[in-house]
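Below, chain A partners chain B and then partners chain C, in two separate complexes.
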Partner chain A sequence: MSSRAAGLDPRTWLAWAVAASLPALAGRNPLPLLAVLLAVLGVRAAWSEAAPRDAAWRPVVRLAVLFAFLATLFNALTVRAGTTVLFTLPSWLPIIGGPVTLNAVIYGVISGGALLTLVLVGAHVAAVVDWPAALRLLPDRLLTVAVAGSIAIAFAPQTVVAYREIREAQMARGYRPRGARDVAPLLVPLLHGGLERAITLAEALESRAFGAPVAVAAGWQSGRGVITAVVLAVGLAAGYLLAVGQVAVAAVAMLVVVAAFLWVMRPERTLARRSRYRPPRLRRSDVVALAGAGIAGMATLTALLTDPAALRYEPYPRLTVPAINLWLLLAQAGLLAPAFLVEPAGEREERGRR
Partner chain B sequence: MSGAVRRRVRAGSILLWALVALIFLGDANAQELNYAGVVVDYGDGRTSYALVAFEEEEITAIELLRRSGLDLVTVSFGGLGEGVCQIETQGCPPTECRRRLCQTGDPDSPFWQYVRQSAPGEWKFMSLGASATKVRNGDVDAWVWTGGSPELPAMTIEDVARLAGVTGDLPSVAADGAVPTPARRTVGASNSSSAEDDGPSVATMIGGAAVLAVIGGGVFLAARSRGRRRALP
Partner chain C sequence: MTTLRGVPLAAELREVRFRYPRQTEPVLRGVDWLIPEGAFVLVAGPSGSGKSTLLRCLNGLVPHFSGGVFGGSAIVHGLDTRHYGPRALSRTVGFVFQEPEAQLVTTRVEDELAFGMEQLGIPPALMRKRVEEVLDLLGIAALRHREVATLSGGERQRVAVAAALTLQPRLLVLDEPTSQLDPWGAEDVLTALTRLNDDLGLTIVLAEHRLERVLGFADRLRLVRADAETVEGDPREIMAVCDPSMAPPVVRLGRALAWEPLPLTVKEGRRLALASTAPRMPGPDSPSAGGPPVVELRGVSAGYGARIVLRDITLEVRPGELVALMGRNGSGKTTLLRSIIGFHRPASGSITVAGRDIASLDPADIARDVGYLPQRPASLLFAERVRDELAFTLRHRRRTRFDPDALLEDLGLTALADRHPRDLSAGEQERVALAAVLAGAPPVLLLDEPTRGMDALRKAALGQLLRRLRDEGTAVLMATHDVELVAGLATRVVLLGEGEIIADGPPREVLAGSLTFATQVNKLYGDGFLTVEDVLAGLNDGTVSSSGGAREVEAGEPAVGGAAP
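Take a look at the complex of A and B:
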């Protein structure tokens, strides 16, 4: 089933993922984080039946919940800052001895929530996006990187599916796990199957000339290495300048890097061009979802530039009420738009037939 | 009771009292306190002075600062010790502190500098850091929020005690054996233009809760529409 039959365009989902990830990456203000988390949960709930690989990503989400809990525990037991002391652990306890503060617990909960939000966004997009369709949207020169990326994204769900199949097969043979020693009958075939799949995939890619050098003009061939090194050095310098606060010079350097990237990515006449049977087009539902994601993303970026406190929160040394930017919170509701754009299965199949 | 027995009892009781006296005398000697001073220059016109008493022979400078009772935020750098991010309201949050100890790309951007007097009026930067530097009786430590060279007047432990509000003798051990709480005082008014943030107003908080409730309602509607789709034949 392609993504067109399932609903939204891959570009829409990727834009939605970027917009939904921004508040968690920009700071730890719990209110925008909560708004985004609610919106993401709503979208996941609405799309759970339409997402073909949703079940395969559930173990990753469970793992994220576990890590969110561990992050809270770790922060509470190792960070000593904060004025609201809950209790004090004996000082003879290594690492964790000392006062446990409510400030540290709250910061741990917020950080765990941010981590969970990012994983939920990533897992949902990975489950609903049709990756072959997404790959076809990339420039020809990025195809090698894109194929490698798609293989990496498919690794986790494939492993989960293989694990389930192996477990079912072993249980049909009377296998009953009782302890750590009993995992060998599961892990050995899993490893063997994984290696076999990797070799088959490598052979398939090799037979299709994956990674073969592209024929380019002789003059360009000689200077390509030097230009690549210079552009990478400029990009590195831009990152350093940005880190030390030289924003203006860093912006100029980044513009140079972007210009060089666009020049390199321009369509080459000597390359064999990919053809499309049906060029992808954005539908009305895509436009609505893109508008929602755009509003949320723009609000976050605007808040980052004009009101950074609306995205940041530090509960140290005293607990305070986080800053509230109502427009920012309201804009995050736009992320909920895809939840109302799921088509009933009957309509979907009908449109697929048309 | 015979005379010999009475003499033995008397001698025994004298020995017992002597022993008890020795124990208490020894305990009193052990309870002798050491004092160190802490000066905190917030860089905005305010300065805090604290006189801290401690029983140990020596403590670390970070422990002295912690015992001063000032609100303190530090981050741990493992074996390198702790870095001071914030004292009271001055400084930066731990996330920024972990990167560059509150400094930005500007060479003059301030950070918490830890200095100690090597001679009257000569404040020396303690490059070992507050976790590795030991504080002994009579030392005066200073923390200055600046990006340049710290400028502080000459200061003795008596000056710090006076400025911290101690009048007369230095505080001694309480009757129950407890170490006295540190004397502390902040002088000067902040000349910083940024006023203390009182947090959002009640109306804004209600508005925020309403927006979150709207998004929650949207989630409910989305989940409900999914249930309806499932119920369709």
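Take a look at the complex of A and C:
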């Protein structure tokens, strides 16, 4: 299944991800964080069946839960600030000896929650987005990058399968990898097999006209190469100038680099283009989800400019009640929109048949 | 325009010579090859004989992609491949590769079909029309929205053919497209190709090992013989004189009985068989080996998550038995083998190997008594030298009295003993993997599709080795689709269907009369006839003699069955 089959465009998911990540990136106020977390969990639950790669990302989510717990523990045991002391660890204990405060525990929990929210957002988008479709949104000039990315995505599961086969085949001969030294026997056949697959794939690409010359204006190909080389050189020079403190000159150089890059990448009428079988199109469900994400995102940005306390929170030195911005909290409900846009399996299949 | 007997040529190769980079020996030496338009050309021969290289000359992958030294000329529909590379030739020549997994470049079927057209800037409206056409032509319209990863091997190959066809090539080249497929997947692909050739007049060049599948469709056969000599022409004429080990059973039988015209298909053979003397029924299979079982499964059920793959399997394998596991893809054959080696833990039931319950053993422990050859044998290899591969297994199996040199010699690997396994050819790597598995003579041998992609000669050699192991008392359990191999080798056949054992008995009992698993000979004669040898023995006991693998009626004897109309 793909996001197209499930009804949402990659651009919609990317916008949703940005909007859902903003509160966690902007501050540590637990209320908007909690609102976003609930919305994300709701969307994940609604899409659990329609997300083909959800299972693959579960280990990442489990790892994030572990890190969130460790972040809480680390903060609680190493930060001495705060007035509400829960208990005191003996001072002879290195690093962790001293008072353990409720303030540090709460800040740890909030930070862990923020981390978990960001990972959940990323894992969900990774699981539902049709990445090849997303890559196809890149401009024509980046077509080769898009195809390479698309192939990498198709290649990854095959590599995982190959890894499993090799590990099992070698275990069947009594081989037990015990340390870093034993990685080579695993890597050699994996790389060898990967290389063989890559060569076949390259042959298949060549045989199917990948990179075939389209009607390009005479001299443009070599001209673009020269311009790209100059742009890179100016970019390096800008980096050097920045490093030696020449900020103003570096900024000008960077502007030149960006302008030249945009010019090289511009769609030009004189150049023949490769065609697209299915031009990307936003559907009604995308508009609804984008509107939800837009409301949430705009509310967060507005709060950041007009009421920063609604997004930020410091439990030190004294525990206080976090600031409440009701509009901000209500707006985060917009992130729930995708949860109501999952097509039932039957409808999806029917649309697929149509 | 150059023609062959009045038919315009799709391709014309003259004096083609080719040597790969960093190689001293050329792969192609002065090849002349004329391919008439609309022909269905079959290319056959041993692995490593240069078939793939030759095919790659037709779309310019050789030399443009491969590098190397190229001589002579290859003109395809008027385009000289020395000046036009594979990209430029993609509109003229479609190419389908062997591995279904490795040649698809996108994740969804419809995108895959459009890929080549997008590269050539074909307008979207025309792309849609062509996609619809090839979907219908190949009968894959139901797959159009499917993710490529969810397709079976046969479906993937049909998608690969469809993707090549969207560019509307005039010549379609396929390099062993069915070698990795089960018989049903192969049938799907070949049926599609026949339609393309018959209905559209598309010129098809197909390399294939299993000639019994395609011989009936081909107009011309280009056969590379074991001595590297090439013959080309009418398939019937070539089959009449080729090395019998390369010929399908129906052809071998036709040659042995001097049938005229020589049958290439079961349909042709049936007519001749009906008109000839009926052979005496073969005797029953010899009783299966006795002794206590070395592998024992009791009520084994296993699956992946909620999906049950094996249901209540009870099976015993004794020393000296060669048990063929057969059944559709997904029927549970591989899971059964993986359960015995310990990679897959059953949800219920018990498995005993060499007297040990394996429930608490890890695969490395089980491997002391079990040799396991997976579908991709090369994945087994990790040592620096061929010799070290065997030494590793021997150390693990704690066999000190085993002579690895004898095994290397048996498998024709003595000269390669100090080579790096990864430097060897695919066929040689397979033999090294087999040697690594057999080192220490494990009492149980598990083989998963050992003849997949194997040519006739290598298959015959493998058959000989397995026969010897079986006779020496090794218990062999082999998952396979190869009915001809099973008929000549197995002592027992276990047929799996949806994870259950639906038949278990001697090959004659299980295979004979089966709609799906009957051998070519059984399709001709029915009853208990499975092999060419069964028929010959039944026709003329004691009067037939073997001649280089083919049987010929001795001088002075009446030509039994030879009076065919």
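Keep this in mind: the second predicted complex is superposed on the first by the 220 of 354 C-alpha atoms of A that agree within 3 Å, B and C clash if a C-alpha of one lies under 4 Å from a C-alpha of the other, contacts with A are read in each partner's own complex, and residues count from 1 in each chain.
Assume a residue touches a chain if its C-beta (ideal position, glycine included) is under 8 Å from a C-beta of that chain, and two chains touch if they have at least 3 such contacts.
In this text the structure is predicted, and so the values were computed from the model without any measurement.
J.: Would you check which partner chain A:108 touches, where first means chain B only, second means chain C only, and both and neither mean what they say?
T.: neither
J.: Tell me the contact category for A:329 with respect to chain B and chain C: first, second, both or neither.
T.: first
J.: Determine, under the contact definition given at the top, whether A:201 touches first (chain B), second (chain C), both, or neither.
T.: It touches chain C, and chain B stays clear.
J.: Once the structures are superposed on A, label A:151 by its partner contacts, choosing first (chain B), second (chain C), both or neither.
T.: In the superposition, A:151 touches chain C alone.
J.: With both complexes overlaid on chain A, does A:23 touch chain B (first), chain C (second), both or neither?
T.: Neither partner.
J.: For A:185, decide between first (touching chain B), second (touching chain C), both and neither.
T.: second
J.: Could you please specify the touching residues of chain C with respect to chain A in the complex?
T.: 56, 59, 61, 64-65, 85-88, 90-91, 93-95, 97, 99, 101-108, 110-111, 114-124, 127-128, 131, 142, 144-145, 147-149, 163-164, 167, 338, 341, 343, 362-364, 367-368, 370-372, 374, 376, 378-383, 392-393, 396-397, 422, 436-437
J.: Would you pull the chain A residues touching chain C in the complex into a rising list?
T.: Listed in rising order, the residues are 1-2, 5, 52, 130-132, 147, 150-151, 153-154, 157-158, 162, 165-166, 168-176, 184-186, 188-189, 192-193, 196-197, 200-214, 272-279, 352-353.
J.: Name, in rising order, each residue of chain B that touches chain A in their complex.
T.: Against chain A, the touching part of chain B is residues 71-74, 76, 85-86, 93-95, 104-106, 197, 199-200, 204-205, 207-208, 211-212, 214-216, 218-219, 221-223, 225-226, 229-230, 232.
J.: In their complex, what parts of chain A are in touch with chain B?
T.: So the residues of chain A touching chain B come out as 28, 31, 34-35, 38-39, 41-43, 45-46, 48-49, 78-81, 83, 243-246, 312, 314, 316-318, 320-321, 323-324, 326, 329-330, 332-333, 336, 339-340, 342, 344-346.
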